[in-house]
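You will see two complexes here that share chain A, one where it goes with chain B and one where it goes with chain C.
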Partner chain A sequence: MEELSQHILDVAFNSLEAGADRLEITVSENILINLLQIEVRDNGRGISPADIPRVMDPFYTTKKEKRVGLGIPLFREAVERCGGIFEIKPAPQAGTVVTATFPHDHLDRAPLGDIAGTITVLMAGNTPLRLIYRHRYNEKIFSFDTKDFQSLLGEDIPLRSPEVLVWMGKHLVENIANLKEADTLEKFGRTG
Partner chain B sequence: MKSLEELASLREKLKKDMSIREQGHEIKVTVSMGTCGIAAGAREIVKALLEELKEQGLNGISLTQTSCAGLCHYEPMLEISQGSEKTTYVKIDGNKAREIVKKHLVGGKVVEEWTAR
Partner chain C sequence: MNHWEKIISSLDLTLLTSLKTLNNNARGAYCGDLLSDVLANASGGDLWITIHRHRSVIAVASLLNIGGVIITGGRQPNQDALIDAEKEGIPLFSTPLNNFQASGRLYKIFSKQG
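Showing the complex of A and B:
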């Protein structure tokens, strides 16, 4: 995969296949301590501690139509080639938490890429799904919750209609860019 | 928020559109979203489909996703089903996805050269 946001899409799609109807995706970038952390938390059927090593094995899959399960091993490889840490844990209540932690400035780290596209595409094909996206950049945070968005839009308007999703994608792109832009201006003391 | 006014006008527009179309979701577009599909560009296909469906005012078409169908060498793939009729498009890209919306969904003609043979 060329982008980390594609790995996020892949992991999140696994969550949906595991029966999740709530997803929390958090991207934390902290340049000051050189950290990029991605967390995907779901409320799906969860994972037993015994199954965790198995899903790391590319020749293990629960699916019948194929013999390999490459998603998790590829993501793990993308993390470990940068000296990062990849973890899968059962969530405390129910579901699973996948965490990938990278040195932010590592040359071999894939770019985060089109994370807004990933969120939009997850919303496009899956209902009912409550998706909470958080993006931290140093001290700043942007949060997006599809439940709040639906309330603003009105309960009678389908969130999955193309017009709404295209708008939502642009809204995400703009707000994530603003998060970083504000920091850059502050850092260099620019005022205008 | 991009702007609350903008969102409010979008809501009003969609309410009007919804009262015009009440044809149900008889046409379904399904994109394969397994690891192989995502790596081959399935996300860009869904984005292109959304943009073109919006352009064409086709808010009533059901867009769904499925996992790997075991035909990884054909990815990215999309299937259009209408009743018992199914068409599978293979090795598509964003531009082809837009053309498929225009020619197949709007024009009603299958684009034979992009289907599985």
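Showing the complex of A and C:
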């Protein structure tokens, strides 16, 4: 994958395939300690502790029409080739948490890429989904919750209507860019 | 020299799986280290030239019916990748050549065949 946002989409699709209707995606960039962390947390059917090592296996899938399941192994590989840490854990209540931690400045780390695209693709789906997106950049944070957004719009306008999705995409792009604005390149080096 | 002998001697390959994985002739080749790109662009029967040595390579190769995997730069595959390759019947090689050199030599072989 050329962008981490594509891996995020893959993992989020796993959550939807596991019946999740609540998804929290958190991207934390901390340039000062050189970390980029991605967390995807769902309330789906979960993975039993015994199956957690198996889902890392590229020849493991529960999809009937497939022989290989590549979403998780490819994400894991993208993390480990940078010397990062990839983890899958059961969520405290129910569901699953996938965490990928990278050295922010590693040359082989793919760029984050089109996060706004990933979020709007997820929102365009047919199933009702509460999606919370948080993006931390050093001490600053931007967060977005489709629930707040829905109450702002009123219940009559579906979030997945094209106009709303376009607006949502722009809103995300602008706010993520704003987070990074004040911190100059000279001060921190690489962004994104 | 037969098909595989020619490829093996020209690229200085070491076959790491058993001889019975050399069932079918390779039809062409693709070079790439981005698995999603290989997934999108390589074809069945291709030899795949890559620096990667982990087992996801074998999973991608088996999905595409890749004709063989060549790991470059003298790298050795991880043990689990080797076991998977044997199980999937995919010939797995290593070569001291780098991606560019290995691709160049294969290009010569396959372009002569026309």
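What we mean here is this: the second predicted complex is superposed on the first by the 183 of 192 C-alpha atoms of A that agree within 3 Å, B and C clash if a C-alpha of one lies under 4 Å from a C-alpha of the other, contacts with A are read in each partner's own complex, and residues count from 1 in each chain.
By definition in this document, a residue touches a chain if its C-beta (ideal position, glycine included) is under 8 Å from a C-beta of that chain, and two chains touch if they have at least 3 such contacts.
Everything quoted here is computed from the prediction, not taken from an experiment.
Participant: Should the pairing of chain B and chain C on chain A count as a clash or a fit in the superposition?
Facilitator: Here chain B and chain C can both sit on chain A without a clash.
Participant: Return, as a multiple of 10 degrees, the angle whose vertex is the Cα centre of chain A and whose sides reach the Cα centres of chain B and chain C.
Facilitator: Once the two structures are overlaid, it is 80 degrees.
Participant: I'd like to know which partner A:70 touches here: chain B for first, chain C for second, both or neither.
Facilitator: The answer is both, since A:70 touches chain B and chain C.
Participant: For A:152, using the defined touch cut-off, is the partner it touches chain B, chain C, both, or neither? Pick first, second, both or neither.
Facilitator: first
Participant: Give one of first, second, both or neither to describe whether A:59 is in contact with chain B, with chain C, with both, or with none.
Facilitator: second
Participant: Using the touch definition from the top, say if A:124 reaches chain B (first), chain C (second), both or neither.
Facilitator: Only chain B is touched by A:124; chain C is not.
Participant: Of chain B and chain C, which one touches more of chain A's residues?
Facilitator: Counted on chain A, the partner with more touching residues turns out to be B.
Participant: Per the contact definition in the header, classify A:1: touching chain B only (first), chain C only (second), both, or neither.
Facilitator: both
Participant: Could you look at A:162 and tell me whether it touches chain B, chain C, both or neither (first, second, both, neither)?
Facilitator: In the superposition, A:162 contacts chain B only.
Participant: Which partner chains sit in contact with A:13 here, chain B, chain C, both or neither? Use first/second/both/neither.
Facilitator: The answer is first: A:13 touches chain B but not chain C.
Participant: Determine, under the contact definition given at the top, whether A:96 touches first (chain B), second (chain C), both, or neither.
Facilitator: A:96 sits against neither chain B nor chain C.
Participant: Aligned on chain A, what is the least Cα gap between chain B and chain C? Give it in whole Å.
Facilitator: 5
Participant: Taking the contacts chain A makes with chain B in one complex and with chain C in the other, which residues are shared?
Facilitator: Chain A residues touching both partners: 1, 6, 70, 74.
Participant: In the complex, go through chain B and note every residue touching chain A.
Facilitator: Within the complex, chain B touches chain A at residues 1-2, 4, 6-7, 10-11, 13-15, 17-18, 31, 33-36, 38-39, 42-44, 46-47, 49-51, 53-54, 58-59, 63-65, 67-70, 72.
Participant: Per the contact definition, I'd like the list of chain C residues that touch chain A in the complex.
Facilitator: 34-37, 39, 52, 54-56, 58-60, 62-63, 84
Participant: For a test of understanding, state which residues of chain A touch chain B in their complex under the given definition.
Facilitator: Interface residues on chain A, with respect to chain B: 1, 6, 9-10, 13, 17, 63, 65-66, 69-71, 74, 114, 117-118, 120-121, 124-126, 152-154, 156-157, 160-167, 169-171, 174-175.
Participant: Which residues of chain A touch chain C once you look at their complex with the stated criterion?
Facilitator: For chain A paired with chain C, touching residues are 1-2, 6, 58-59, 67-68, 70, 73-74, 77.
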